[in-house]
Each structure stands twice: as C-alpha cells, then as structure tokens.
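See the structures that follow.
In the two complexes that follow, chain A is the common piece, with chain B as its partner first and chain C second.
So, the complex of A and B:
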C-alpha cells in the first residue's frame, strides 16, 4: 500500500511538473501581453514532434536541447506576425486567434505525423528502474525533475538578476511606463512570448518520453495548467510551480483511493482556494 | 535665431470618442524651462501623453529635435533623449529602487546609476527597498532619477509636486533648475502655479483643451486676473 501511494505521488509529481512548466509559460504571456494563449498546448505538441523528428539525426540529447529552442523561434514568429496584432484590442480577438491557432497546430501535427501515437525513444539506460522495490523511479524521471528544476531556477534567476527579466516584471504592472523609459516593448513582449513557448517546448519533449506522443498531447495538459495558475496565484511564478505540483500529487493520491475522482480533484481544490484565498496561494497585488 | 527642443502644432487628441485637445500648439525652447499650467481636467496630462507618444494626436504635428515624432511609439521618442516623469511617479512597486533604475534603456552620457545616487543619496541608502515601501518624496526622486538615466536633452515632468511636503517640493524644483542650468530643456506641467512661474522662463495656460495664454513667465505672474481664474478649483495649491 505504501508503495502504491509512493508510486502515485511520484507519478503525480511528474505530471505536476508538466503542468507547472506549461502554467509558468502561460502565466508569463498572460501577465505581459494580456493574452490567454490557448495555443500553448499546440506549441507543446510541436516541440515534442520536432524532437521526435530530429532525434534520429541528432540523438535524444540533441533533440532535448534543440527542439525547445526551435519551438521558441516558432513562437517568436507567431507572436510577431499574428498575436502582436491583437494587442490592446478586446480580449475576444486574442481568444479567437489563439483558439484558432490551437486547432491549426493540432490538425497540422495530425497531417504531418499522423493521428496515431508515435514511439519516441529515450535511451534504454534512462528507462531502467533504479531499484526493484521502487520500480517507478527511473533515470528518465530523475532527469525530468532535474531539468524542470533547472528551467524554473534559470527563469527565476533571469527575472531577478537580468535587465530583461526586470523589464518584464516592471512591464507586467505598467508597460506604458516601461515604454516611456525607452524600452522597446514590442521586442520585450516578443522575447517574453518566446520564453513562455520555450518552456512549453521543453515540457513537450519531456512529456513525449513519458506519456507517449500523439497530436492531443498538449490539449490534455492545458486545462490543468490554467487550474495550476489559479491555485498558485496569477503572477506568482513560485505559486504557479507549487500549484502545478500540488494538483499533480493530489490527482495521484486520489487515484489510489477514489479512481473516479482523479480528474475532478483539481477542480475541487480550485474551488476551495477561490473560496478561502481568491488571489491564489502565493498571489499578491504585485506580480512576480 | 531661437532653437526649439520641441514644437507641437495644432494637436487634436481623443480618448475614444471624447475630444480632449482642440488644436494645442506649444514650443519648448532649448535650455529653458517652459511651464504648462491649467486647472484640473484642462488637458495638461493629455498634452504630455501626446508629446511622448502614449496617446498620439489624431491631427497636428509634434517635432522633437527636428524630427517628426507624431506617430512614433513612446520608446522611440524616449530614445531621442526625452526623459518623462509621469503623473503619480509610476514607480514599479514590485521592484527595488536599484531594480527600478535598471529598467530604463541605456543612452550613454553623464547619468549612470552611480551619478544619480550622488544626486539622491537617499535612494542609495534605500536601494534594496521595494518601490511600494517608499514615501512620496522618495518616489518622486526615483521617478526623476529613472528619467535622468536616459541622459535626456529634454525633460518632461507631469505634476512633480503633487502630494509632496513643501520642503520636498522646493528640493524637486531646485533639481529642475539645476538641470536647466546644465543645458537641459524642460517642460514642466504643474498645479503649483506660484513655484512654477518662479522657475520657468516661458509659460502656457491650457483651458478646456486650448491654449489660453502664451507668453513669458514674468508676464503671467503679473497678470492678476488670469492667475485668479487659473486658481479656480485648485485653490488649495494656490499659495500667493
């Protein structure tokens, strides 16, 4: 029994890490651009498929390194030519645009790579359980946790120590003033979008090795990511990370005791948080 | 021949459908302080927003340092060397003083984080405090310091004295004069009529989105009737 619970907590942490990576990217874009990016899951899928396509040539590690960067480049192009056009308009425009993009990405990947799940190969030694007793702990899972920690840590460092990060944080509260201080806010929003999409791409590559790869891989992760943002508090990176991990673990534990409640538990948690602490666990007026 | 840092001609600016500025024209002479006075709601802040690119004028033309900037985005105008100290200071509350000072774009010149700390030692003392923890006076200093980091040739201030204690207002105006004396051109929007006219070289009065007075600051300070009407609803800052 203990082992079963541990198994599901570990599973929950892994899935929660995906939610968190997605949610942090979504939250960055939402805060600086006021756009709810429904296409975020589509970018995640594209990141995964890019890695799948490239890994025969550049290997698993090459794909892991290159695919998120290429996804970010795609994100930067999409922001520049499509998303930036709806800034400052009624939110309905950006919702329709990103919703449309989500469909295009999903069906685009289906056209190119097929609707069936494709095998994404991770080096064998990474998939071997580290011990018999804890069969669910593989090198790949540890690698994932390490990479997620590295990505989130890097993002924190950037937000607090680099001028780009400081300008993004300032811009989430008052983009106008950042602009009159001579900062090109078009470039700022563009780069910020790229950073958010990089995280989605990274989540995609990691998820492909863990969950398998099919065109709907992103769509299944996006709703929980919104829930993670709400639970953690909009604008708090740490809160979003926490929110993602929490709902992942809660789903994992629930699946042991009440399998039918696995999906519902995160919404119950969201409702509770909204009742008790509407700004989210770590949310406050100042974002980031 | 007089050189102008900024020239605005016939600006018409709208917020949505409301027509706020009705053909505002004004000039800021190089190396001088020009003040723009007017009652609450006269359109002073809107004028500044049109000049710095935040709310571009629908008609008319803005020329800054000889370049047509009417439709340029704010960051491009700032890049020409225009420092803006917005109404309400607009400090980033979630950043420390030092972090606030790292936001502006780099324009090489005398002003660096070190030299603004020399000008405002208080900011250096509190460098690791968040913007939201600062007093009004400290926020004003930070807002001015932030604009100076652009090494501006033209400094535009929107009601810097608002909500500050008299002693601090004096200090702020002293700094504005010092900047002028170092060759900076200044456009100063104020409710504090008396002090503005004391430091300014040229004055404009804005009324319902139109220029109602255009002349030397000395002339305006001697025009009792006009000063009385200027006081109007903002009598509380009327200190003659």
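So, the complex of A and C:
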C-alpha cells in the first residue's frame, strides 16, 4: 500500500511538472499580454511531434534540444502575424483567436501525423528501473524532473538577473511606463511569447516520452494548467510551479482511493483556494 | 417607449416572420426541420450568454457547463425519475440555475481574462463528473435509452415526440417566452444598471450600486437560460454526451455571439444560425471541419470583430 501511494505520488509529481511547465508559460504570456493562450496545448503537441519527426535523424537528445527551439520560433511567428494584431482590443478577441488556433493546431497535427497514438522512443537505458523495489523510478523520470528544474531555474535566473527579465517583470506591472522609458514593447511581448512557447515545446517533448503521443495530448493538459495558475496565483511564477506540482500529487493520491475523482480533486482545490484566498496561494492581492 | 416605432420594430418583425415560417421553406433551401430547431436552440443559448457577455460586459468562457447541466438534467429526470418532458425541463433549468448560484460568489470578484479562465476551469468539473460517473451518466458513450415524452395539457396532448414540426414550434414557443423575458429584464432599471456596469464599472460603483451583486444576478440569469437551452438541446437529440460540457463548446457559444454581433439583441441568434449551418455543412463535406471552424474564429476576430449585424449597422450609419 505504501509503495502504491509512493508510486502514485511519483506519477503525480511528473504530471504536475508538465502542468507547471505549461502553466508557467501561460502565466508569462497572460501577465504581459493579457492573452489566455488556448493554443498553448497545440504548441505543446507540435513540439512533441517535431521531436518525433526529427529524432530518427538527430537522435533523442538532438530532438530534446532542437524541437522546443523550433516550437518557440513558430510561436514567435504566430505572435507576430496573428496575436499581436489584437493587442489593445477587448481581451475577448485574443481569447477567440487563440481558441481558433487551438482547433487548427489540433486538426493540423491530426492531418499530418495521424489520429492514432504514435510511439516516441526514449533510449532504453533511460527506461530501465533504477531499483527493483521502487520500480517506478526510471532514469527518464529523473531526467524529466532535472530538466524541468533546470528550465524553471533558468527562467527564474533570467527574470531576476537579466535586463530582458527585468523588462518583462516591469512590463507586467506597468507596460505603458516601460514603453515610455524606451523599451520596444512589441519586441518584448514577442520574445516573452517565445519563451512561454519554448516551455510548452519542452513539456511536449518530455510528455511524449512519458505519456505517448497523440494529437489531443495538449488539450488534455491545458485545463489543469489553468487550475495550477489559479491555485498558485497569477503573476507569481513560483506559485504557479507550486500549484502545478500540488495538483499533480493530489490527483496521484486521489487515484489510489477514489479513481473516479482523479480529475475532479484539482477543481475542488481550486474552489477552496478561490473561497479562502482568491488571489491564489502566492499571488498578490488586488491584481485581479 | 412612446408609440409604435416602425423602424425599431422592423427587425423584430423580420426575425419572428423568419422563425415562424421556417418549417415551410427550410426543406426547399436544402435544410431540414431538425436543423432549424437546432438553430433556435443554439440561438437561445448564444443570446443567454450575450446577456452576460454583451450586456454586462463580463467575459464568461465556461457556459457549456450550464448548457450541459440542463441537458443532463432533463435526460436523467426522464430516464430515472418521471417520464415527463415538462418536469425534465424544470429540473434541467433548475439544476443549472442552482449550480450557477453556488459558483457565482466565488467568481464575481474576478474580472477580465481571469474571470474567463476561472469560469472555463470550473466548467471542466461538470465535464469530468459526466465523463467519469459511468453508471449514472453513461460516461463517454452518453446518456441513452430515453426520449422526449408527449406533453399532456389535460384538454389536449402535444405530440412533440414524433412530428419534428410540432417539436419545432414547441421549442419556438419556449424560445419566445425566454427571449421576451430577457428583453424585459434588459429594458428594466436592472438591465440598465448592467449596461452601466459594462460601460464604466467604477462610476457605477460610485453611484452606490452593488456591482458584484448585479454581476452575480446577471450570471445566474444568463446561466439559467443557458440551462434551459441545454435541456431543449437534449430533447432535440434524445441524447446527451459529455462533449456538450467540454471547454471547446464554451468557446463555440462565444464565437456565435461575436459572429452575429454582441451589441445587438438578435446578433447572437444570427451568429448561431451561421455557425450551426456552417458546421452541419462542413462536418459532412470534409473530415477537417475542425480546421475550418478554427479558421472561422480567426477570420471573424481579425476581419469582422463587430459581427455580421455590426457590418450592416456601420454601413447604415455611413
């Protein structure tokens, strides 16, 4: 029983890490551009499929390195030619635009790569359990945790130590002043979008190895990512990370005792947070 | 409101003329009566959403939940409780209203995209309940083994279960009552207050109006009519499945409002008609209908943000 619970907690952490990676990207874009990117899941799927297509030529590690970057480039192009055109209008329009893009991406991936789930091969030595007793701890899972930690750590470093990060943080507080001070806000939003999509692409490649690859992979991860943002607090990246891990583990534990409540539990947690602390666990009061 | 203004009444007369005569000509233009019924049902749904979206200015993206609650409400009542269409409609609408009233206080403090995100996330709870609670809801396969029942008024029986045209007029009658209620509400001081909130929330607050309470009221009214339309949708198909609750359906209702025009009373009905007919055509014409629907979203947002009626209006003022 203990082992079963540990197994599900480990599973939950992994899933939670995916939620967190996706939610952090969503949160970055939402804070700076006031856009809920419903197409985020679509970008995640595209990242995964790019890695799937390229890995026969450049190997697993090459795919892991290249696919998220290519996804980010696609994100930058989409932002420049489509999403940036609705900035400054009622937020409703940006939501509908990304909604439409989500439909097109999901259908597009289905058209190109087929509706069936395809196997994404991970090097064998990564998939063998590290110990017999804790069979669920594989090298791949440790790698995933390490990479997620690296990505999030790198992002925090960038946000706090580099000029770009400083400008993004300033922009989320007062975009107009940042613009008046001579920062090109268009470029800033564009790069910020690219960073968010890079994280989605990375999550996609990692998820493909763990969950398998089908066109709906992104659509199933996006709603929990919203929940992670709401629980953690919009605008707080640390909170979003915490929120993602928290709901992942909570669903993992729930799946042991009440399998039918696996998904529902995170929404119950969200309701509780909204009742007790509407701004989220680590969110600042009065922002929304 | 003094006297009868022909210019103002002309659009209303046109809408009712088209709706009342629909079964007479819909076959001739390549449609079928059920498609017409679907337009009316989805039109009611879009107009219910617009009560909140267009008239109160609150960005709700989770209305599929209340649509689906109404649908499951009527289906489960007929299947498990009493085989009565009337009671089913009452239960379906009531369940939607109750859920909205309970969830409302948690979200009325939020604004803008954050409101949208929370409403759409909340809507997923109901999706997962419908999806997971196999034994009662039928899970992914949907709720089957029930049909709409004839309605017995005592002196006469309305056979809505067989004749599609009779069912169409049954739906249209309910649509008329619901739409009239919404129009009355919007013309009342309460409705004017909602529009004031949309135009300038801070100023409305300074006038001493409890903005959050008004948004809660508008939310509950909107979701109640949404649940009613969901109930009608289930009766139309004699079937409900979890996709009526899925988050993409919520986006579809919003695009209906935008396609037709959110700033006009009949706009969402026009948008619903365009969407329903387009989807009916596309889903039989191409396997990639989802891409085309996505394209409709993108094109509508980039080129027709005021909707079809918005274009006409702009032309007539020029």
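Methods note: the second predicted complex is superposed on the first by the 284 of 288 C-alpha atoms of A that agree within 3 Å, B and C clash if a C-alpha of one lies under 4 Å from a C-alpha of the other, contacts with A are read in each partner's own complex, and residues count from 1 in each chain.
Please note the rule applied: contacts are C-beta pairs under 8 Å (C-beta built on N, C-alpha and C of every residue); 3 or more make two chains touch, one makes a residue touch a chain.
Worth saying up front: this structure is predicted, and the values here are computed from it rather than measured.
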- Based on the superposition on chain A, does the combination of chain B and chain C result in a clash or a fit? fit
- Task: Check whether A:38 is in contact with chain B, with chain C, with both or with neither, and answer first, second, both or neither.
- Result: second
- Message: For A:92, using the defined touch cut-off, is the partner it touches chain B, chain C, both, or neither? Pick first, second, both or neither.
- Response: second
- Message: Going by the contact rule set out at the top, does A:141 touch chain B (first), chain C (second), both, or neither?
- Response: neither
- Does chain B (first) or chain C (second) touch A:176, or do both, or does neither? first
- Task: Please indicate which partner A:111 is in contact with in the superposed arrangement: first for chain B, second for chain C, both, or neither.
- Result: second
- Message: For A:274 in the superposed arrangement: first (chain B), second (chain C), both or neither?
- Response: second
- Check whether chain B or chain C contacts more residues of chain A in the superposed model. C
- Message: To be precise, I mean the smallest distance between any C-alpha of chain B and any C-alpha of chain C in the superposed model; what is it in Å?
- Response: 12
- Query: In the superposed view, which residues of chain A touch chain B and also chain C?
  - Reply: 288
- Using the touch definition up top, name the residues of chain B that touch chain A in the complex. 52-54, 73-75, 77-79, 84, 86, 90, 92-95, 99-100, 102-105, 107, 130, 132, 146-147, 149-150
- chain A residues within the chain B interface of the complex: 163, 166-167, 169-170, 173-174, 176-186, 285-288
- chain A contacts chain C in the complex at 30, 34-36, 38, 82, 85-86, 89, 91-93, 95-97, 99-104, 106-108, 111, 223, 226-227, 229-230, 234, 260-264, 267-268, 270-271, 274-275, 278, 288
- Task: Mind listing the chain C positions that touch chain A in their complex?
- Result: 53, 59, 61, 106-107, 109-114, 116-118, 120-122, 124-125, 128-129, 132-133, 247-248, 251, 254-255, 258, 288, 290-291, 293-298, 300-302, 305
